[in-house]
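Worksheet: one structure, shown below.
Labels run A, B and C following the written order; every chain starts at residue 1.
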Amino acid sequence: MPIGRVFISFVIAVALAGSLFGTAGAAGYKNVIVFGVNRAADNLDPVTQDANPDIWAFMQIYQQLVRVNVKGDGFAPDLAERWTVSPNGKTWTFYLRRDARWSNGDPVTAADAAWSLQRAHDLDGPWQWAMEAVQAMAATDDHTLVITLKEPWAPFLSDVSLFSSSILPAKVFRSAKAEDIAGKPVGSGPFMLTEWKKGDELVMKANPSFFEKGRPRTAELHIRYIPDDNNRMIALQSGDLDGIDYPPFSQVSVLQRDPRLDVQLNPSTAVSHVMLNVTQAPLNNAKFRQALAYATDRAGINKGVCYGACVPATSFMPLTTQYFNKGLKAYTYDVEKAKQLLKESGVTTPVTLTAVLWSGAGDPLTTTTLLKGMWAQIGVTLNLAPLDRAAATQRMRALDYQVYVSGWTNDVPDPSELANYEFDFVTAKSYHTGYHSPQMDKLLADGMRELDPNKRRQIYYQIQDLAIQDSPLIWLYYAPYTIAINKKMHGFVQMATGPWLFKDVAVEQ
Amino acid sequence: MLRYALGRIGQTVPIALLVTVLIFLLIKLLPGDPASAILGDRATDASVTALRHQWGLDRPIWQQYLVYMHNLATGNLGKSLRYQSPVTEMLPARMAVTFFLVTYSLVLSVLIAVPLALVAAAYRNRWPDQLIRAAMALPLASPGFWVGILFLILFSLKLRWFPAEGYGAGFVDHVRHLFLPALTLSYAFAAVLCRNLRSSLVDVLSTAYVDFARAKGLRRQVVLFRHVFRAALLPAVTLVGVRLTYAIGGSVVIETVFAIPGLGSWMVDSILARDYVVVQTLTLMFALGTMLINLTTDLIYPLFDPRLRMG
Amino acid sequence: MTTLATDLTAPRSVRLRLPLGIVAGGAMLLVMMGASLLAPVLSSYNPATQNLNTMLLPPSPSHWFGTDNYGRDVFTRVLYGSAIDLRISVLAVIFPFVFGALAGAVAGYFGGWADTAVMRTVDVLTAVPFLVLVIAIVAFLGPGEGNILIAIGAVDWIVFARLVRGEVLRDKNLEYVAALRALGFNRWRIVLRHLLPNAVPPAVVFLASDIVLVILTTSSLGFLGLGVRPPAPEWGLMISEGRTFIYTGWWAAAMPGFACMYAGIAFILLGDGLADLLRVRGQ
């Protein structure tokens, strides 16, 4: 039957067409890097955004004065070649490199830096605290920026290295609308945004004015949004993508078996935890919270969520944070102890708690489901209330929840950002748990002002002890970043703070 | 004929207006104040007031509808809060993808259904017919997204024949990328088409004039093709219209399964991100598309049916 | 015009044989309902109990459908899930069926203003693809079982209305209706007691295939994260959760899909059988 024959040849043609298609490039390398990500960027304004997909995307475009090093435990020069601090700790001077250019060809000046940091200081956003200590900023010449602080501020270099302290071209953005800064970024970094298919793909081209000669090595970078893990993994294995982020832990061993792939478990600054709303009974009872902590099997969660790839958490701080106390022992998994503490707490069982989470949340959903099974053993029933993402976040922020599984990624090596977010009621209602302790407040304030590293270490050790004792959150595990790339992709680096570095990447044909 | 067409178009206009009322009212289903619900928890009172004013939420409901219609009439389809950009900016590219996908699935359905229906009708009540009928009952009972996942496992993961995501660049690449999703969509589409085409073929085969053609000594295949098939096409055309609107609905889920940047995956993404203005506008776009298809089917119908053409 | 019941009991009716579809579909349905009721007896596992030592085990004699990523027995979850999916689907079509039939009968019999109101609403709801409209309504109302029922109910009645209206329009000019009118019967009584029962059979046939559509819609909503809340063993949700593991445990997503398909086939057969029965009646 002719129609049948037409159909078969059509199918064959389609299949053949597929195998012929590929990207050609010079000297045995591809012209385009295609990288698949699990969440889409929405907004590329460095000052107002707090989601990783946005941050990691605009970090390809913008530079800061100083940047956190790859390991996440120190600093490296970026737009500033060097910097000095006055003996009283209040005046910082940054000397900008002279060869830096915006992607439109204009030179990067100290005036741009002053304008950008001033904007970060003035704009009401999630990172405004980073510039809080600043008294004044001034460009003394085209390449010198002087910043005066209100008082000596220990984590200031951390704050300057934060992505929200990105340097933007004042001339382009001074009178621009908010949506232009959000949607049409112009930076001095290795790549520039040339096309943004929103909710689909960010198309970036090499910035011809990037100061490092011969970088980036590849002419184009496509960051493609593919929400489903399987689609992303299959596309990687079939060669449609050169690399992907977040292959799920459950599939890491499968991908490792593929000889063409390099599966990376990169050290991160992430910590996963359960938030407890301590403003309501029975979670306002510290003994009850400790009982929950003892009833939480971290090793089991590591197995069930990370398939053994994570490290059970012993502190609120991620592993790579400065002053992380390696000697600390967190709660062991001890059901008997938990039952005893529960009895001592005076809370009558059976108790019912509700966990708010967002439907479609991968690991938090698994974690919450596992906690339900674990806490049931001590007579605590945990119900799940999945909502859409925004609604779940809204309820969490309004302290309209009891239990909420989430996680933190540290953006700077200094512990003060996280410590303040987590335990200072004023900053973020103590990570939206409602926890408030005068003893903790004092330690936090001391930690910000103490300049002597040894004394600071002692302060942060005390904070870690107190945190475990009061347990407004239960810290679960430290997860590595999972990345899978084709072995033909060379030079890829993921920083411990999360962002990828593509400037040295070249992909063999 | 022209009068029929004009009349049919005339009927569509009031329905289209009522559809805009329905879709305008959708946003009223949001629990609480739509403006605060849409702007989320980071919104300031000033921005909530501004949005309430912009949408006329501080006015009576009929005026709000007029504001909505005025915006539509002036091409203002709303702004995505998530991307801070007008919906119209992202719409054309996404619409092209969904259009391609739905058309593709129509083509595949016809390519699958017509030969099978012809075989089934030719071997009525014998084993090929029964086999085809049984096989065509399965798709109607299977969830499309599940079939999509099975195709993904088989054709992308195991056999590596087709890509697992995206739209590709250029026509050939589109055809390759959208093959599995289009096949998934056409799975149920082809089944219905095949069932109905078979039964109308059977009906026509049993009419007198086929016997007459046979009596004239025409070969069986010739009769089947030249006479029967044409007569049987008529009910199939209407059905294609109906099923196309199902395919549009199905595309919402299937685009999500295959990570295709069309209207459907955008809608799901926007729901999860609470970008309600986009959800509302996309619902309107899907409705307009459906009405257009229904209208087109009705306008094509007389071309196949001589009785209507004359009348 | 006789009703369905009298036809079956009529002495002349030698062919008391039920159509194959009704027998087969009914049997499949009974098996499924029995299985969901007897789930605690049929399976020694609990659908919610997790076991980290039995994660993603392939199908075997001890786990017929394998286990999922929480070590839960997939067969047990599919059994318990059938209660959820059947309950939602049946509840979701009852309201549209009743409302649609009434609206259709009223529109068909009274005509005029009532007919225009009903039929224009039907036209408007037809203009938006069913799944898109249901998804949009759930998107605005929020996820959850109650909202699914509302969303489907709000849209699904239109086909019943159209079917019943067509029947009523055909029958209302029959002699016996004229006779009833002449006898001074109340018009509502004529519609509800006499016309409606005769107009309903085609809608009942459609009911069977409509349940299939609703099962698929419910599971689609579960799949998109807009349906029943986890960790309930709803089929669509199970498929959605299981698809993360298609590399290492295809059964977690495949098995609930087969269950869905089984339920669908049962109702399709039932629908075909009912249609056959009606055709017999018609002759």
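Keep in mind that, in the parts below, contacts are C-beta pairs under 8 Å (C-beta built on N, C-alpha and C of every residue); 3 or more make two chains touch, one makes a residue touch a chain.
The structure displayed is predicted, hence computed values, not measured ones.
Novice: Between chain pairs A-C and A-B, which one is joined by a greater number of C-beta pairs in contact?
Specialist: A-B
Novice: Going by C-alpha centres, which chain would you call the most central?
Specialist: B
Novice: How many angstrom lie between the centres of subunit B and subunit C, each centre taken as the mean Cα position?
Specialist: The computed centroid separation for subunit B versus subunit C comes out at 22 Å.
Novice: With chain centres taken as the means of their Cα atoms, state the distance from subunit A to subunit C in Å.
Specialist: Subunit A and subunit C have C-alpha centres separated by 46 Å.
Novice: I'd like to verify one number: the distance from the centre of subunit A to the centre of subunit B, where each centre is the average of its C-alpha atoms, in whole angstrom.
Specialist: Subunit A and subunit B have C-alpha centres separated by 40 Å.
Novice: What are the residues of subunit B that contact at least two other chains?
Specialist: Within subunit B, residues 152, 157, 256, 271-272 contact more than one other chain.
Novice: Could you pull out the residues of subunit A that touch at least 2 other chains?
Specialist: Counting only residues that touch two or more other chains, subunit A contributes 228, 230, 360, 388, 391.
Novice: Mind pulling the subunit C residues that touch 2 or more other chains?
Specialist: 142, 225-226, 243, 246-247 - these are the residues of subunit C that touch more than one other chain.
Novice: Would you mind writing out the residues of subunit B in touch with subunit C in their complex?
Specialist: 14-16, 18-19, 21-23, 26-27, 29-31, 137-138, 140-147, 149-150, 152-153, 157, 245-246, 248-250, 252-253, 256, 267-268, 271-272, 276, 279-280, 283, 286-287, 290-291, 294
Novice: Okay, in this complex, where on subunit C does subunit A touch?
Specialist: Answer in residue numbers: 49-50, 52, 55-56, 69-70, 142-143, 225-226, 229-231, 243-248.
Novice: Under the definition above, what is the set of subunit C residues touching subunit B in their complex?
Specialist: 120, 123-133, 135-137, 139-142, 209, 212, 216, 219-220, 223-226, 236, 239, 243, 246-247, 250, 253-254, 257, 260-265, 267-268
Novice: Please give the residue numbers of subunit B that touch subunit A in the complex, ascending.
Specialist: 40-41, 80, 82-85, 89-90, 93, 111-112, 114-115, 118, 152, 156-157, 160-166, 168, 172-173, 175-176, 179, 256-259, 261, 265-266, 269, 271-274
Novice: Could you list, by residue number, the parts of subunit A that touch subunit C in their complex?
Specialist: Within the complex, subunit A touches subunit C at residues 228-230, 233, 248, 250-251, 254, 300, 303-304, 359-360, 362, 365-366, 369-370, 372-373, 384-388, 391.
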